[in-house]
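Each structure below is given as structure tokens.
Two complexes are shown next, each including chain A; its partner changes from chain B in the first to chain C in the second.
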Partner chain A sequence: MTNAWQTLTYYFEFPFVRYALVVGIAVALCTSLLGVVLVLKRFSYIGDGLSHIAFGAIALATALKISNNMLLVVPITAAFAILLLMGGQRAQIKGDAAIAVLSVSSLAIGYLLLNAFPSSTNISGDVCTTLFGATSILTLTMQEVWMSLGLSTAVLLIFVFLYHRIFSVTFDEDFATATGTSARAYNLLLAVVIAVVVVLAMNLVGTLLITALLIFPALSAMRVFRSFRGVTICAAVLSVVCALLGIVLSILAGTPVGATIVIANLACFLLFSILGLVTTRRFA
Partner chain B sequence: MKRKNNWMAIVLALVLVAGLTVGFLLLGQGNRGNTAVTPAAASAFSTQEVTAAATTAAQQPQQINLATPSDAVELADPPHVDLSRFNSNMAFATLMNMAVDTGPYIGQTVKMRGLYYSVTFQETGDVMHLLYVGDEAACCGIGLEFRLTGNPKHPEDYPPEYSIVEVTGIFGTFQFGDQTYPYLTANDFVMVEEPTDLYQRRGG
Partner chain C sequence: MNILSCENLTLGYEGRPVVTGLNFAVGEGQYLCIVGENGSGKTTLMRAILGLQSPMQGQIITHDGLKKEEIGYLPQQTLAQRDFPASVYEVVQSGCLNKSGRRPFYNKQQKARAREAMARLGITEFAKKCYRNLSGGQQQRVLLARALCAADRVLLLDEPASGLDPAITEELYSLIRALNQEGMTILMISHDLRAAARDASHILHLANRQLFFGEKEAYLNTDIGRLYALLEATA
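Moving on to the complex of A and B:
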């Protein structure tokens, strides 16, 4: 234990470890807040779909030799987020089918582009790191840290200041519209915010594991809490704790960061499920 | 009031996207190295890029100076950065950061352990010596050049190819083209016992 503590304190002397913790906590906070909304709107898998679309956009940017790939990735991801969330009843392909079509298509196109237009000799390593986020969070530059913090702050502020509107649009769009709230406008805002958060979270857990960051904290909180406010606050706390625990464990044990964070979330979900069962039976 | 809040939501969404785009433009997000995909591939000192740099250098034999001081360098004890204590993921991540942001580490004593291999410049016969460090999944890796003081001869005074070696040296950089490459100036190397299991995890 003492040895692990000494190793940890030594690791903390390196700035990139501190950056990883700060960004990890900020991203986990944002994903947990949005995850509550997505789970309640039955769009739990949209994070996975959007992350695959972002992967395809990254591959396209690489093929086009665009040095600043975020110029392409964020707008494309946001556009598809708007398409998925605001397609509405008139869409010919809805819900999970729409997500599936876009998700697998983007993944296949992205991988094909990377093979056809390689920018390095280690394509497998690039793809593996992007998909699973093994050490991406440990190789952030200062600029990336500031950008991540800025965006996370923006997402948090949006959620705090528009909490009541988001609440009404989440639970009953028709009622929200009837009372003068434009559900379309807030769905547009949510779509853009989700796209931004998904792109940020790709650095933390990789493309394939983003859904876990979005849904696990919300689902865990819902096992115990019944109010929207309680679930939101609990999900935020759980997500931050699991991200912190996951990052620390991964750097100590040499495990992939993304997978370790997801397993921490899974353990938390199981624990809260048991807690929820016990609490329900006691008060039944 | 409610209509105003609705417009505020739309404006916020547009401002977020615009701010993001401008922000990334200004801060150069993703503009690191030759690829936009991952930091691993964006390393200025991946093994593949070292080989590529060496191949390019072979076409311009006067561009890289591989000379080292004949006198021994003074090393700090304990070293400022001890990568031999790290697990593979942390060693790889630390080296990546050191290769991308060399400034804070120049002049520091660095101890590292890796797989030794050499690259020969066919035009001049000069040899570059490197230590390769891969992450735990072995999907990504990075090599760091080291130069021994005292005018050693290759291959007699160097380790066998692809052996695991520990080197402690002073961190420095050199320019080649528009890229900055790091290297260690070391007095000696230490052979590390080969693990019985090729995939044995190391580090603490």
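Moving on to the complex of A and C:
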């Protein structure tokens, strides 16, 4: 135990480890809040699709040798998020199929671009990092930390101040629209926010594991809680705890950060599923 | 005083008309019952009035400054939202959202209104319960309470009695009647012509076109009215 504590204090003397912790918690908070809405809107897989699109965009930015790739990645991802969320009823290819088509295509295009315009000699290493976020959270610059914090604060504020509208639009879009709340506007806002958060979360767990960060806290919370408020708060707390636990464990055990956070979330989900079974029997 | 009128209205999906040639007007405080077979365009009409769907032809005009924020709506019950975690109170309270303006949170009046609506529908005891765990009749009452929170002048109801047992249906109709007597304009889609014949002031009969629009007494003396009543009674 003292050994573990010593290892931790040793690691936390490095600023990049502290950055990783701060950004990890901020991103986990954002993804959990959005995840509640996405799961309930039946868009659980959009995070996965968008993260692949973001991967393609990053490859494009690398190929074009753009230094601050966020300037390209965020707008492209946002555009596709709007397309997927808003296209909804009228699109020729619907929902899950559209996400599948887009995510596979952008993954392929991105990988092709990385090979055609290699930025370093270790392409498969680069791809692995982008997909699994193996080390990127540990290589954050001060600027990236502030940007992550700023964006997380913005998402949090949006969620707090629009909480009741988000509930109404998510629960019954038709009723909300019919009584004068513009569901379209909130879906648009949601699409943009999701795109921003997906790009943010890529630094933490990499593109492949974003879906886990989005949906696990919400699903776990839904096992136990029966009100929207309860689920939202519980998901946020769970997500932060899992991120914290994942980062600390990955330092102690020397495991990849992203995968460790996801496994913490998975363990949490299993625990809450059992808890849910026990409590439903009591309240049903 | 008319608050809503439809002029030469055609509605449909993807270029195919569902219902054509609608010409009618609803006055403040009236109780309009929309009747007709399944697929005759009743729900389509209601969705168009609510602005969820735009007309293919013609127009829907609101008069006397009727705003979306004054309309309440009880949708047809669906199986959607089955696993949505929401307490009864949260659902009912969301009906007040249209009175929020730019305020991010509900104020005291809105909260009081939600409690009042719950009390009126006898669901106060379920306030903290999960919406999805309620029976069909209880869910319907929750949605009606939400509609009451939203409705200041007009209440639109789509098959409010479907899936309810007779005693609860009666309760529901008497509540709607009471609301109408308090001055609320009611637009209701119904299969139940007996209720329509008793409570409604006007009838709109659709069969992909407008078969009849006018006062209830006139309707009950037309051939379609008599035929429909007969069919309903034997069904």
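Keep in mind that, in the parts below, the second predicted complex is superposed on the first by the 282 of 284 C-alpha atoms of A that agree within 3 Å, B and C clash if a C-alpha of one lies under 4 Å from a C-alpha of the other, contacts with A are read in each partner's own complex, and residues count from 1 in each chain.
The rule is simple: contacts are C-beta pairs under 8 Å (C-beta built on N, C-alpha and C of every residue); 3 or more make two chains touch, one makes a residue touch a chain.
What you are looking at is a predicted structure, and each value in this text was computed from that prediction instead of being measured.
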Chain C versus chain B, contacts on chain A by residue: B
First (chain B), second (chain C), both or neither touched by A:Val231: second
Contacts of A:Asn3 with chain B and chain C, given as first, second, both or neither: first
Partner chain(s) touched by A:Ile158 [first = chain B, second = chain C, both, neither]: first
Partner chain in contact with A:Tyr11 - chain B first, chain C second, else both or neither: first
Contacts of A:Val74 with chain B and chain C, given as first, second, both or neither: first
Partner chain(s) touched by A:Ile66 [first = chain B, second = chain C, both, neither]: first
Which superposed partner A:Leu114 touches (first chain B, second chain C, both, neither): first
Which of chain B and chain C A:Asn265 touches, first, second, both or neither: neither
First, second, both or neither for A:Leu189, with chain B first and chain C second: first
Residues on chain A lying within both footprints (that of chain B and that of chain C): 162, 165, 179-181
Chain A partner contacts - residues on chain C that touch it in the complex: 47, 50-52, 67-69, 71-73, 75, 81, 83-87, 90-91, 93-95, 97-98, 100, 104-106, 128-130, 133, 146, 150, 156
Interfacial residue positions of chain A with respect to chain C in the complex: 40, 160-165, 167-168, 171-172, 174-181, 222, 225-231, 284
Contact set on chain A toward chain B in their complex: 3, 7, 10-11, 14-16, 58-59, 61-62, 66-71, 74-75, 78, 114, 119-122, 124-130, 134-136, 138-139, 141, 143-144, 146-147, 150-151, 154, 158, 162, 165, 179-182, 185-186, 188-189, 191-193, 196, 250-251, 253-256
Complex interface listing, chain B residues touching chain A: 2-3, 5-7, 9-10, 12-13, 16-17, 19-21, 23-25, 27-32, 34-41, 46, 48-49, 52, 85, 87-90, 92-94, 96-97, 100-101, 104, 135-137, 139-141, 201, 203-204
